[in-house]
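Only one structure is covered here, and it is reproduced in the block below.
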Amino acid sequence: MAWSKWSYMDHWVTETPQGPQPPSFNRAHMDRYVKQLSALGFRGFDTFFFYLPMLAGMYGSVPAFERFLQDNGFDKITGIFSAYPYATRYTAPHVRETHDRIFADCEATVRAVDGLSVENFIVMPSTTYFQVEPVTEEKIKVMADLWNRVGRMTLEHGMKTTCHFEFWGAIRTREQLDLFFSHTDPELVFFFCDTAQHTIAGVDPVQMFRDYRDRCTGFHFKDTHTVDEHEAYRTPPDPELMAPEVTRWFYEMGTDGGLVDFPALMREIVASGYDGWLTVEHDKAELGGGSYAEATCVAKWYIDNVLAEVSR
Amino acid sequence: MKDTLRWAYALNQWNFRLDVFVRHSDQLRALKTLSACGFDHVELPAGTGRWDNLARPEVILLNHGDHAGFLDFLRRGSVRGVSSVYWDPGQPVEEEGWAFRSTANRHDHDAIVESAKPFVEFCAGVGAEQLVVRPVGSAWMSPPPDAHGLRTVGELWNRVGELAAAVGVGLALHYDCLGAVHTEAELVGLLEATDPALVGLALDTAEFTIGGIDPVAFYQRHAGRVTHVHLKDTRYADTGQEYRMPGAETTMLRGGAGRRIERWFFELGTEGGLVDVKAFVAALRSRAYPGWVVVESDHGGNPAELAMLNSWYLQYELSVAKS
Amino acid sequence: MTGIRWGYAINQWKPQFDDFVRREQHERALKTISIAGFEGVELTAGTGRWEPLGNPQQLAANFGSFAGFREFLAGCGVPAVSSFHYDPQQRSMEHLTGPLSPLAEADVPAVVARAVWFAEALTQLGGSVLVVRAAPSAGDDEPLDDAALHRLAACWQTVGRATLEHGVRTALHVDFLSALRSGDALDRLLERTEPDLVGLALDTGELTVAGIDPLSIVERHGDRIRYVRFKDALAVDEAEEYRQPHAEYAVRQRGGTREIPRWFGEPGIDGGLVDFPAVTRALLAARYSGWIVFASDPSPHPAASALLGGYVMQRELRPIANGR
Amino acid sequence: MSERRIKWSYMDHWRSNGPAGPVDQWHSHRTMSAFLKQIKAVGFDAIDTFDFRLWQMYGDYGGPAGYQQMVQDHGLERIVNTFHAADYDLRDYAPHVPETHERILEDFRVTMGHWSVIQLDNIIVMPATLYYDMEPVTADKLKITAELWNQVGEITAGYGVRLTCHHEFFCGIQSEPDIDTFYAYTDPRYVSLFVDTAQHCIASVDPVALYRRHAHRVSGFHFKDTRDVATGDDHRHRPDSEIMAPTTGKWFYEMGTPHGLVDFEAMMTAVRDNEYRGWISVEHDKANKDGGDFSEATAVARWYAANVLEEIYR
């Protein structure tokens, strides 16, 4: 039986008369977007916290949007992504004084989906590396404390707080990851495995999954062609879009030059008995003339034609 | 552009989405494009976060070190300076902890004045003549302002205007077609509630037209208050109540207002344009308008193409010598 | 069980002559077609080295052999080529010929030879139909009087007989510029041809733009339909601008005096005029079996068109075809 | 202001996004007008075009003169050069195959007749077939080819137009020795050289040195850039090198591009040293590949001409 719980992480860009825009541009574009994902057979939908008010505006409410998804063959909204990529005096996970504010924001987001059965509350546990360094155990512990606290709260709302580590975040090496997980409560804080981000940071995502299987609640299946060898991760002002050596970090599954061994990961996932969602993501697919629709097709093709063989 | 008027170009049309127009190399291409089109000053857009690195002063400085470093960067694309900086204090931004503030709320005034300071300092530092601001929030989110409300808003902008004047920067209130100050009477009321020595008006030809105010007639009556101009065209005007649609930013300007309007703002010379650009520019000339005329086209289509078409219009329809 | 097979036309990926030439672009398009739920691809006849999928010679030059091309298709998850779409008026660099006309008796042997060339390829690529442009544009040629229809029928009879020898049926495609659009020309042409040799390719979009309800064609000629192309129409040529000379440029590409920005789109496009569930039901009632190929003709965003088409096929039309 | 010795023309490859996908400027009068406005806005003086557009000129503008009027209505001077893009085929149109020469000569007689209503400077040709159709490139073949172009040049000279050769990296005459031999065999009165900076660079020929050596034969330029030199069989890749070479999906870039291989400053210095006067054509073929954009590439290239090259020579 092929894996059926595939969800899509909402990074899409669509052509509008006002230029390339996210589908939240207007209701008609959002409808078209959902139909395209539906045609490919995705059953879960992940989105960003900041889209929730827009979805509510377009469909009347977030539950009404979820019903629209269900009318198009989806099961539900599966994950909500929340992040503070950039430290400010108001929000910075490594600064304890900002924790009350972050906690309150997270609570507001979680409340916005009360009554649905969203499973994951996905967070970037830190801001950019260069705003945190030197990265000390003490700072990692401060961040861990925050997410323990948030994790307890989200569980009360039926969602697991699960941590997604950017290659340019302050928790990026295997040692830092292990330290962070050792300071967080396995009952409260979970692991979200982004295959490309770990690979860029020089961490083996398959090994990460193997080692944190019991805490893993989700994946971003995306690929990369490059390991960060120029310390782009700590280069201000921004490593993700502005790294001098690399113009595009992320690719969909199934491109030439991809570094992630997806079949190996898939075998590992199947063997482990993991039964959660697998999420497809491709960030910035339009760079170099690409298109999200096409990248999503190629990735789903890869799932149905390559990964399906592995998971059979 | 060599002319009795001073011409600049707005960069916002390139910055049409969160994650685009971030790399310096992309920005240099836009600057070179503008230079090749004959423009040597730019207006900076509003924004937030590390990817809007031509918007927030602190992010610009993080990218370029200091004011001189930023000007050096512009000059690598043969752009000599910054005409103006746009800022909307009602737009929640990361740098302000996503605070939602309203100029109509007196309790927010101290915080807004405080948050204006980096912009004023930045304008002074890079030689931008005008800080262009959105004076009020959207109409659909608030009732039409009464005289008391206009006085409240006016007080705030007088304070910011004072701050700016102290370092030689002008403050221009930018009317837009969704704003709570919507009718000509309301706009005049707002201007009357502010000190002409400290606060000017940024007249945007397309926004006026969509909002139902004739930009030429208005300018003729209030030329003394107009300290900044945005020149762009539109093919549509609000039928009267569309700006009050809930979520008008999306439902009207993007959703087509239920009329399938795909795009509101257009380049100069567009077919079916409602703005009488030639009459407007003639009016500016006849009154020896001293400020910047910023050409923009907002979002829509290909930014380089729009800049080139606007440049052509200036050269061949408005007889502006390119060099 | 239904005899309908769903395919997708690849022409929407090639807006300009120097686009869509490289292998990796073909691969991505074919994977897109596959994952959107289609099992066949319609190729469009083309000429020269920037048309690697355009004809048997280019396929051989690029893939070594038909088997090589089929392997490439299979590798992308596309089992078959549904058809070639061949327009005799297109010149051939491979044969050093200019436009051929099915109305010119002298051109018929060359048209037949070319049709056989494509038919032979189709037999090895899993296809069973050659779709041909049945008549030149109305504005560029003589009116179709009895004598002209006679010549036209003779040409397609000969072509049909020749392709059938290779097990491939010939299906006449009527586009909205076609001289066959006017009056009862199409009916008369079909009368003059044998059903076993000459079939009809029903193109919902072209007919609708031509002001002809595709349902009326299914009703009248359902038993002659050998191929179906589902594309949507966004406007109707009510003023009969198709009669102008050079309508290919002036009307199809530029949209005529009204400057229609886009005549066609994928099935289900916002504002589309074709009732696809009704056409599907009518085809089933007429016992049609064979390919239904989706197309958008030019699309500003080909992958999105394929997905939106796939959505309509999977959720609306295939269930109808499967009797659900 | 002193008289300008260099004027800039734009070689009219162009694509823009239409409602149904990418279109070229010939799509409609509207798209043509938008194209010409943009070219003029950034300061080009004129345009170059292709012979295969003649039919659209007749259909839409009443012919070459009518089209040139359209160009002039947008403030541009005129059409300077045309590129004669022929379908080379060993069977009937191949410069190194003498049996095909009469057909080629006839083609030029007809073509020049069409153009005779306006005054062009150059008609530009690729002087040889695809490399793989000509190889091995022998002195004999070069000589036969040269004889053909001498005759063609005589025809075009009768119309006051120079026949000039543009050496694509994938054509039969692209190596430095073969180019030198070819110009030794051709008559300077009838055959000129058109230096395409990128094509030579891709073929591992230094365009600056080539120009300096043949300056007296040069009648124009395509200034465009590349980031890649052809390696292995790139120049003889079947069925096509220009778009289908496995190593490189996009060969051409506008001048001023990062990582460009052409030394335009040295090129412009050479142009100055040779006291060249007249037109330089800017070209960026297939700028829309890989997410690129013609409007922007054109603006950036013209910026480069204005801010870098005109500092050297203008």
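Worth pointing out:
Residue numbering begins at 1 within each chain, and the chains themselves are lettered A, B, C and D in the order written.
As a working rule, contacts are C-beta pairs under 8 Å (C-beta built on N, C-alpha and C of every residue); 3 or more make two chains touch, one makes a residue touch a chain.
Note that this is a predicted model, so its numbers are computed, not measured.
Common neighbours of chain C and chain D under the contact rule above are A. Considering the contact criterion stated above, the chains in touch with chain A and with chain D alike are B, C. Of all chains, D has its CA centroid at the greatest distance from the CA centroid of chain A. Our note on geometry: chain A versus chain C, Cα centroid distance of 43 Å, whole angstroms. Annotation: 35 Å between the Cα-based centres of chain A and chain B.
Chain geometry summary: the mean Cα position of chain B and that of chain C are 51 Å apart.
Contact of a single residue of chain A with at least two other chains is seen at positions 28. Contact of a single residue of chain B with at least two other chains is seen at positions 301.
In chain D, 17 are the positions where the chain touches two or more neighbouring chains simultaneously.
Contact topology of the protein chains: irregular, matching none of line, ring, star or complete. Remark: the chains found to touch one another pair up as A-B, A-C, A-D, B-D, C-D. Looking at the complex, you find that chain C touches chain A at residues 24, 28, 31-32, 34-37, 76-77, 270, 300-304, 306-308, 310-311, 314-315.
Residues 16-17, 34, 37-38, 40-43, 74-75, 256, 258, 293, 295-296, 298-300, 302-304, 306-307 of chain D touch chain B in their complex.
Contacts from chain B toward chain A in the complex involve residues 16-17, 19-20, 22-24, 49-51, 53, 59, 62-63, 94-98, 246-247, 250-251, 254-256, 262-263, 298-301. Residues 286-290 of chain A are the ones that touch chain D when the two sit in their complex.
Chain A contributes residues 14-15, 28, 32, 35-36, 38-40, 72-73, 254, 256, 291, 293-294, 296-298, 300-301, 304-305 to its touches with chain C in the complex.
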